[in-house]
Amino acid sequence: MQIRRLLLCWFTASLVLIATLAAIAQEQAPAESGTTIDTRWFDFNRVNILVALIVVFFLIIYFIEKAKRGRDLFVRRIAGLDAIEEAVGRATEMGKPILYVPGIDDMNNIQTVASMIILGNVARTVAQYDIPLIVPLRLPFVLPVAEEAVRQGYMSAGRPEAFNKDNVRYISDEQFAYAAGINGIMLREKPAANLFLGSFFAESLVLAETGFSTGAIQVAGTANIHQLPFFFVACDYTLIGEELFAASAYLSREPKLLGALKGSDWAKSIILAILGVGTILVSLHVEWFRNWFLVE
Amino acid sequence: MRKFLEIINTLDRRWIFVFIGLAVSLPLFFPIGIKFSVSHPVQGFYDTIEKIPDGSKILMSCDFDPGSMPELYPMTITALEQMFRKDLKVIITCLWPAGPPLVERALAHVGAEYNKQKGIDYVHLGFKEGKEVVMVSMGASIPNTFPTDYHGTPVSEIPIMQGVTNYREVAMIVNISAGYPGTKEWVQQVQSRYQIGLVAGCTAVSAPEFYPYYQTGQLKGLMGGMKGAAEYEKLVGVMGLGTRGMDAQSVSHLMVFAFILIGNLAYFTLKFMKRKESG
Amino acid sequence: MSYQTLGIWIGALFTLCILSFLYKDNPFYKFAEHVFVGISAGYGVALQFHNVFLPNLWRPLMAGNLLMIIPLIMGGLLFTRFFASISWLSRWSIGMLIGIYSGIAIIGFGSGDLVLQIHGNLLPLWGTGLFTALNNWILTVGLIACLVYFFFSKEHKGSFGVVARIGIYFLMISFGASFGYTVMSRMSLLIGRFYYLYGDWLGILPQ
Amino acid sequence: MRKEIPLLITFLAGAFFIADYFIPHTGFSSWAETLNGWTIIVIAFAYVLGVANVARVNLDYIQRKGKDTPYKIILLVCLLFMMMVGIIWGIGEHTVFDWFFINIYSPMQAMMFALLAFYIASAAFRAFRIRSVQASLLAITAVLVMIGRVPIGEAIWKDFSNFSEWIMNVPQLAGKRAILIGAALGAISTGLKVLVGLERTHLGQD
């Protein structure tokens, strides 16, 4: 109900505002010569974009609403999560620490938010064993959120006293000094499992390489496509692009994440249908279907 | 043999730094000058500018900074050479804060060569913060977005800017881009919205991402990295930094290929030996 | 010693300080890095002052365009973040910025990356030259397979799993190409720097 | 009232920009133009706020007498110096500001990025392990593109450059386009959640 009320009053407010603005603008419109006064209220060449946006909007709002009402939405288990569990399991057998690097971006980056959810889950599995979970951070604003995520993990595993605040550490806010600091942890405290999940940039290379040289089992995941090649060759398993968000949705079952995921899955199936039908029609020299997707 | 493999497997990375340092330095002292051909996207970049009638106005957005200068500064210089030869009027904007001083240097260097006057043949409008907002805002009005040029002279007093309100009065857009904001945003926010010709020169890191835009025709030309700059210099007939760096580029690529090969061979033979012993 | 050569010498010394980080983190690198962070931050503020604050805000305001008071206030609100008691006021400006960027992203991604990319991939599979038909087949099969790989509502089993497997192979080719181009990009950065050190500074490069 | 007003502003600003794309009405777009102008100014303030934050974090560090205090003092001195020199004596060519940019800012930033060439070389040697079919596909494509794109590739095989161009235009493009479409759906859904007020992380904890 809260969403519908929100949408309703926003919509009316924006309509009223746009109408008044246009009215004021009408008599204030610059009477410069030369500039053609365009009074059309809608550019019909762009109706295909509008339709595409409305379809995607509807799918996402519909599935978030459905997830909110607790309807069970199926999301397949991401293979990356098994890899993370295997890495944590191996570290606990060897009694060595686990290193969890949540990326170098701030909390306004969706990848860092997804990484915090996975961190909480990893903390819950680690809580049963007496091995340290080291979380090095680059930005001061991420520190409280990471601490909270790990504490919640230990709490839900029933061992709040095992939570060690000093393992969630602020290193440095300069990109390569942060990477050098993490390399120091890898070489000194020799973690058996390195988890790199979040938004990474050029420093991903340095981290994955040092981690590989220490022989640790490594699992990485980022939506920054240009960093995936390095993670893929240097790590044992890599979550590719959207799999990072799918993993956080799978773990948290949070309506917002689950709904958005299902919504974009449905949108992808529509796109697959369009591609199938469109390709056949274009091969039969039927052009009108393809021209629907032209942008003027 | 096994001892040798052990050494390779645990080689200190600083040795590799020395190898790469040599692989890049030596070709600079002993230029070989290996020939190379021009690829289609770079030919597209050159032909699109060549087809613009002489004397018309072009918007060139230099969105890069010293961090990507070796790849993008030669492109800027060569693009200015081609445009000034065709007596095109160039309006330059920067969406990266560290871009303007580099543009000033490029203009001083090439402008003097073709004795072009500031304000008549070219204007440098400097930097504006706002990323995509600046692009959309220029779609409405360039003078309102850039009220003065980089040195503070109001746009109304600059001859080249007379009659220019937005993208409709500009023949095409040339974008030299190092990342965000850059070519992707120019394609998304400007090219499809205002149906204006767009060509882009970008760093090699971001080139693979822009091939889909080149295939759909959203980009009429695409130059990737120092190799793209070298090909473009060959087309324009200029001997710039791009061409001079090609030998070092070749040798360093061979070196990285060798590293991958040796690294894997040593890793797997060692593993095979250990399994044979324990097996 | 003209300012120009003095500048080259200082630039080269700072470059060597940064290069020393390869050996190990040392005071020279720390010094150079902090100088760089300070200079770049100061540079940004001075540039914003001359290229944005003066021409876009101060001069129109002085010229009597009173509407410019609004952006001045909205900008000023951002600085309330430093005072905890009224820091919630800064949310008005942040809200506006986030709203604008979300609106722009929806339009940009919607038109440029969604609709036009679909249009670009509706290609004839026969009736054209053999080579183009082969390319169109690879493009269509590749795109469909990769989209299936990024499908999370169905288990990757049976024929669906096979298509997803083809998808991951296409993604690997994409990542391989990105790796090759990234090597190219990084090497040319180093070439540029050695040109600066050997050519501009020491002047020992053959012309 | 602390949360509803910013959310309403976010929705209106975003809806206004989306509407501006679909409504070519001159009167309406003149308003969009003014809003653009305001945004440029507010973002400039946001940038200056970022720098003020850097100064504040370093001042706190100095007060706490951390071990790197001398370096932090150098940082703040350079920041103030460059800012004052730029604002007072201007930023054009032949100014002290430009001299510092060309001789300190530019070479250092370029060298910092050039370090990546060393890192990628050592990663290729020490961490680039082909342990699966997928990794071998990645490695083969990487080598083909790397060698094909440089002059020596053409010296080895005449059509090497055309072949690597084909890899970029067809197989590689399919993967990138799928990622583009996936990212577009992700960006639209995130943008929508922010506009409708579902996503509030940017407003922080009150």
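So that you can tell them apart, the chains are marked A, B, C and D in the order they are listed, and the count of residues begins at 1 in each.
We adopt the following convention: a residue touches a chain if its C-beta (ideal position, glycine included) is under 8 Å from a C-beta of that chain, and two chains touch if they have at least 3 such contacts.
All values reported here derive from a predicted model rather than from experimental measurement.
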item: Shared interface partners, meaning chains that touch chain B and chain C; value: A, D
item: Of C-D and B-D, pair with higher C-beta contact tally; value: C-D
item: Inter-chain centre distance, chain A versus chain D - centres from mean C-alpha coordinates, in Å; value: 17
item: Rounded Å distance, chain C centre to chain D centre (Cα mean); value: 3
item: Chain D residues counted as touching two or more neighbouring chains; value: 11-12, 15-18, 21, 29-30, 37, 39-40, 43-44, 47, 91, 101-102, 105-107, 109-110, 112-113, 115-120, 122, 124, 126, 128-130, 134-135, 138-139, 142-143, 146, 149-150, 168-169, 172-173, 176-177, 179-183, 185, 188, 190, 192, 202
item: Shared-contact residues (touching 2 or more other chains) in chain C; value: 21-22, 37, 40, 43-44, 47-48, 50-52, 56, 100, 104-107, 109-111, 113-114, 116-121, 143, 147, 150, 171-172, 174-179, 181-184, 187, 189-190, 192-193
item: Where chain A touches two or more other chains, by residue; value: 35, 46, 49, 53, 56, 176, 209, 213, 225-226, 229-230, 232-233, 241-242, 268, 271, 295
item: Chain contact topology (line, ring, star, complete or other); value: complete
item: Touching residues on chain D, where the partner in the complex is chain A; value: 8, 11-12, 15-16, 18-19, 21-31, 57, 112-113, 115-116, 119-120, 122-123, 126-130, 134-135, 138-139, 142, 179, 181-183, 185-186, 188-190, 192-193, 196-199, 201-202
item: Of chain B, residues touching chain A in the complex; value: 10, 13, 165, 192, 195, 205-206, 209
item: Complex contacts: residues of chain A adjacent to chain C; value: 46, 48-49, 52-53, 56, 74-76, 78, 174, 176-177, 180, 225-226, 228-230, 232-233, 240-243, 246, 261-262, 265-266, 268-269, 271-272, 274-276, 278-283, 285, 289-290, 293-295
item: List of chain B residues in touch with chain C within their complex; value: 14, 17, 20, 24-25, 28-29, 31, 67-71, 97-98, 100, 126-129, 132-133, 136, 146-148, 150, 152, 184-185, 187-189, 191-193, 203-205, 207-208, 212-213, 215-218, 224-227, 241, 244-245, 248-249, 252-253, 256
item: In the complex with chain D, residue positions of chain C that touch it; value: 3, 7-8, 10-12, 14-15, 18-19, 21-22, 30-32, 34-53, 56-57, 67-68, 70-72, 74-76, 78-79, 81-82, 88, 91-100, 102-107, 109-111, 113-114, 117-118, 120-121, 135, 138-139, 141-143, 145-147, 149-150, 167-177, 179-184, 186-187, 189-190, 192-193, 196
